[in-house]
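Can you keep this structure in mind? I'll have questions shortly.
Chain lettering (A, B, C and D) follows the sequence in which the chains are written, and residue indices restart at 1 in each chain.
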Amino acid sequence: MQAILDDITAKVTAMPDKGKVATYIPQLACVDPDQFGICVALPDGTVFSAGDAHTLFSIQSISKVFTTTMALGKLGDAIWKRVGREPSGDPFNSVVQLEMENGKPRNPFINAGAITVVDAIMMGHLPKETIAEILEFVRFIADDNTIAIDEKVAQSELLTGDRNASLAHFMASYGHFKNPVDYVLGAYFHHCSIAMTCEQLAKAALFLVSDGVNLSTGARVVSEQRARRINSLMMMCGHYDGSGEFAFRVGLPGKSGVGGGIMAVAPGKASISVWSPGLDRVGNSHLGTIALEMLTQRTGWSVFGH
Amino acid sequence: MQAILDDITAKVTAMPDKGKVATYIPQLACVDPDQFGICVALPDGTVFSAGDAHTLFSIQSISKVFTTTMALGKLGDAIWKRVGREPSGDPFNSVVQLEMENGKPRNPFINAGAITVVDAIMMGHLPKETIAEILEFVRFIADDNTIAIDEKVAQSELLTGDRNASLAHFMASYGHFKNPVDYVLGAYFHHCSIAMTCEQLAKAALFLVSDGVNLSTGARVVSEQRARRINSLMMMCGHYDGSGEFAFRVGLPGKSGVGGGIMAVAPGKASISVWSPGLDRVGNSHLGTIALEMLTQRTGWSVFGH
Amino acid sequence: MQAILDDITAKVTAMPDKGKVATYIPQLACVDPDQFGICVALPDGTVFSAGDAHTLFSIQSISKVFTTTMALGKLGDAIWKRVGREPSGDPFNSVVQLEMENGKPRNPFINAGAITVVDAIMMGHLPKETIAEILEFVRFIADDNTIAIDEKVAQSELLTGDRNASLAHFMASYGHFKNPVDYVLGAYFHHCSIAMTCEQLAKAALFLVSDGVNLSTGARVVSEQRARRINSLMMMCGHYDGSGEFAFRVGLPGKSGVGGGIMAVAPGKASISVWSPGLDRVGNSHLGTIALEMLTQRTGWSVFGH
Amino acid sequence: MQAILDDITAKVTAMPDKGKVATYIPQLACVDPDQFGICVALPDGTVFSAGDAHTLFSIQSISKVFTTTMALGKLGDAIWKRVGREPSGDPFNSVVQLEMENGKPRNPFINAGAITVVDAIMMGHLPKETIAEILEFVRFIADDNTIAIDEKVAQSELLTGDRNASLAHFMASYGHFKNPVDYVLGAYFHHCSIAMTCEQLAKAALFLVSDGVNLSTGARVVSEQRARRINSLMMMCGHYDGSGEFAFRVGLPGKSGVGGGIMAVAPGKASISVWSPGLDRVGNSHLGTIALEMLTQRTGWSVFGH
């Protein structure tokens, strides 16, 4: 495995086209595009990594998997009254579908859906309490208490978050929100700004590899059925309007973030994280996707074969 | 397995809500809604079946998997220039997205995409030649030369096919078509009208269980990679705007038809077909989906767990 | 008036940017773009004209005013059950709104609406009968029996009419049509292919100048209220998604065609027609609009002032 | 004229269906629906009125005509770089078109357009300064220094203004805004909350009757061309997606507000205001529209006849 990761790292870092770093959050725009990290974690906690796998990066939308998991724990299936579970076919921040469907987001992994999830788990608390709770959960599943929020990124998002503010106010106009819009946005921008390394991220995904249990710590995070369903959501909606492409090329459930990270799951086999800041046309890590495609071709880990 | 299928059949046929039979094709509207069949085929060709598994029904959109497989064989990846591979988030016959994206359908499993696929495989032949070729292919993969087209259904579709004619002319207006619109529609309506039993359908899907090879006949139908990719397309786009729901509840790649059939694949394990004419809100078999959900819960066959 | 028209003609024909001739109908694409005609008809039938005011051109969508007038005569307000009277905000051949509003076109001057109007006035007759009836009506209001259809243009439209065929089949799929789609399209393509000169067109509009009566012949064509309402439809919907622009710049009710003609009405004062084949971005005559803007500025004929 | 107004008032107040009072702004929801006022102002300032023509009501979107007039004075045609002049075909608060057209509103009379106009005229000032300037302008054109803002309505709008906040943040996300979103919204909500009587409103519209001059005071407000263009905007876009209907039935440029007021202009003849709180399906005064239809039928004031 180490040899495979080293080889993939050598190959993708040599590629001339590294995609384009996200520019709409100023703090992300200044990240060095020449970075690439990859990590594979086996169910027992063994990790293999290569490249910049120990560099902290902004996990951005990958955090939506964690908040959705929390929401399912707190509300159970009641969350599906507020957010759907269908791929949207639209970009991550589109408001068109939201208007057509009366303010109910298609799934929890587009921005509108993830903002709704934050409103659902906030339950009358203050933003800082909700943020602390999210952070605690991420530390628990990754078994790492050093994980923290990058405050500079959070502030940068708050100052440039008009599109997300628009989505939030839009949904609030239907009376869907239970907490003040500003509180929800505050917590949302902060959980997007969690900084993690590839290794931390791969470990955090281990509970999705083994039907809800992190076998390296022995902790059951969610039930078997719920773990499978979270994987299905990642498969169907994890890469915005590039989800079909990711399924076609990589064949694993996964979730991307505009910070350039991707967290993927090969059920029963391993969790995988990659990071490279340059994005493709729809906002997913360009080199990261290529690396995952190489990895699943070599390992045969696609869920669509055997 | 037989006991499981018998039990599922007993349970779902006892359910009061059987969904609504499709009415827009007159010939389909008169099918008895109280029918239910299920079949599981193992890689070696062993089949288990229950209920009306030997009754012929109209496979409708399930045929799109077969034509897409043919198109990939004839054109290779060039087919992706004419049709995408993303879930559409829209109903099966929507034209909205088609206009926004200049006549290129989102994927080969919505009507516009499947019509495009027929144009691609027709290659200047007459409709009856193309129909014969499609039928021959289906007989080959199912290893059954008795499979035929239900001409009454085909005529019924032709007479009531304004929506599909609209989609076809729309795409033709962009200059995308290489054959006359009427020829393409004729072949399209006919392949949708292929009649099969659950058992025939489960056998026809065996090549998708075993990475491209029908192990019961030994015939390689497509390459390993292609088989996996066809599975990924079924997972992402196989149930129209209910694809996310199917992935969430059933967790297998599958394709539905408005005749009430569903063909599903558990890679490495089995192919499964169910049929019950009553449909749910988005046009997928109501009891069929429930039966598949029961089956995967009992067998643990979801691709999202292990 | 003659001096004004001569001066306008001199000015606009000297302009370097003449717009772009419509290319989607081959027969229209070969029209010489350097032509320009203008004609003003006073209520008593006096005409002033300049430039190529006696050259025949394809009136295209201007014919929609005539068929709508006929439909109002035949069906009265019942026509509004099948077609709306709101501006669409969309291009002339868009199908998006049609899907959102279940096959009911926004107004009779977009293609879908005009095709519906033809279905409404056809009433079980053969296309050639309907075409003859339309032609007779246009000859009557223009007081000119030489007006005829350009068969070459009609054939050219038939052969390249996929977009309109798509719209027609789309509406037919809702069960809205009372005649065969092919019949309706045949009549539609033919009335779009009527050839007229600026002078004939200005005369044909005289009944809209004088509250329903062509004062030069004494014939009452429609009631006062109906004449005013047809003018309102031209104002609101006469230039597709450039209707607001036309109202803003010209300030008169008018209807354009992709052949480059525009028919406008200054109530109580005059009817005006212009023709120049080059079109602007939204499909209206580029020089024609400029000429009308000049004319209304010099004459003060805007309905928005006094 | 007085007899006509008295008769119309008697007829419409006797009608059982008075429409539905707007409920989304709590302060508007408690207005007594049984009120109706009408006023006609002649160019020399003579006024005829009937019913509740001296009762203050919330002018709401009618204020958009005044702010647009101000913006044209301050920026001239440069305002058209930020807002279009086409009817939208969509409801007043739709965000769909805004996304398709990259944050540029179709016209200044839908909410997104009017919010943009406020941003344009604010020019770095504080909200209270902008509000004062708008109020001063309205007092000037109506020649009445008692006109004021209803603070209760303004506060009610601020508290329930999520939809408008969504539109504003959406446009701000494209970098289109020059002032803080909260400042712009504050000024917007306040100008919508101006309270006027029918008589004040009819007088305020006099400058649009006489090509830019209020003949009763002698003050030129805008140039002749600009007055005509403002009338054209009211005609094309003054009643949201009911603009075609208003043109068809009433035949005059006009602007409605969800407070139940309508301001209309018969160029060269008179300005007219009506008020009745009950709204029709698209948000325009139900009885007000009927009253205007009666008035123009009796007076022949339609711009589409003579």
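Quick note on the criterion: a residue touches a chain if its C-beta (ideal position, glycine included) is under 8 Å from a C-beta of that chain, and two chains touch if they have at least 3 such contacts.
Chain labels with UniProt names: A, B, C, D = Glutaminase.
Quick caveat, the model's predicted, so the values are computed rather than measured.
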{"item": "Distance-maximising chain from subunit D - centres being C-alpha averages", "value": "B"}
{"item": "CA centroid of subunit B to CA centroid of subunit D, Å", "value": "55"}
{"item": "CA centroid of subunit B to CA centroid of subunit C, Å", "value": "47"}
{"item": "Distance between chain centroids, defined by C-alpha means - subunit C, subunit D (Å)", "value": "32"}
{"item": "Touching pairs among all chains present in the structure", "value": "A-B, A-D, B-C, C-D"}
{"item": "Touching residues (chain side subunit C, partner subunit B) in the complex", "value": "94-96, 99-100, 162-163, 165-170, 172-173, 181"}
{"item": "Parts of subunit D lying in touch with subunit C, wherever the complex brings them together", "value": "84-90, 97, 106-107, 209-211, 224-225, 227-229, 231-233, 235-237, 241-245, 247-248, 251, 253, 267-269, 297, 302-306"}
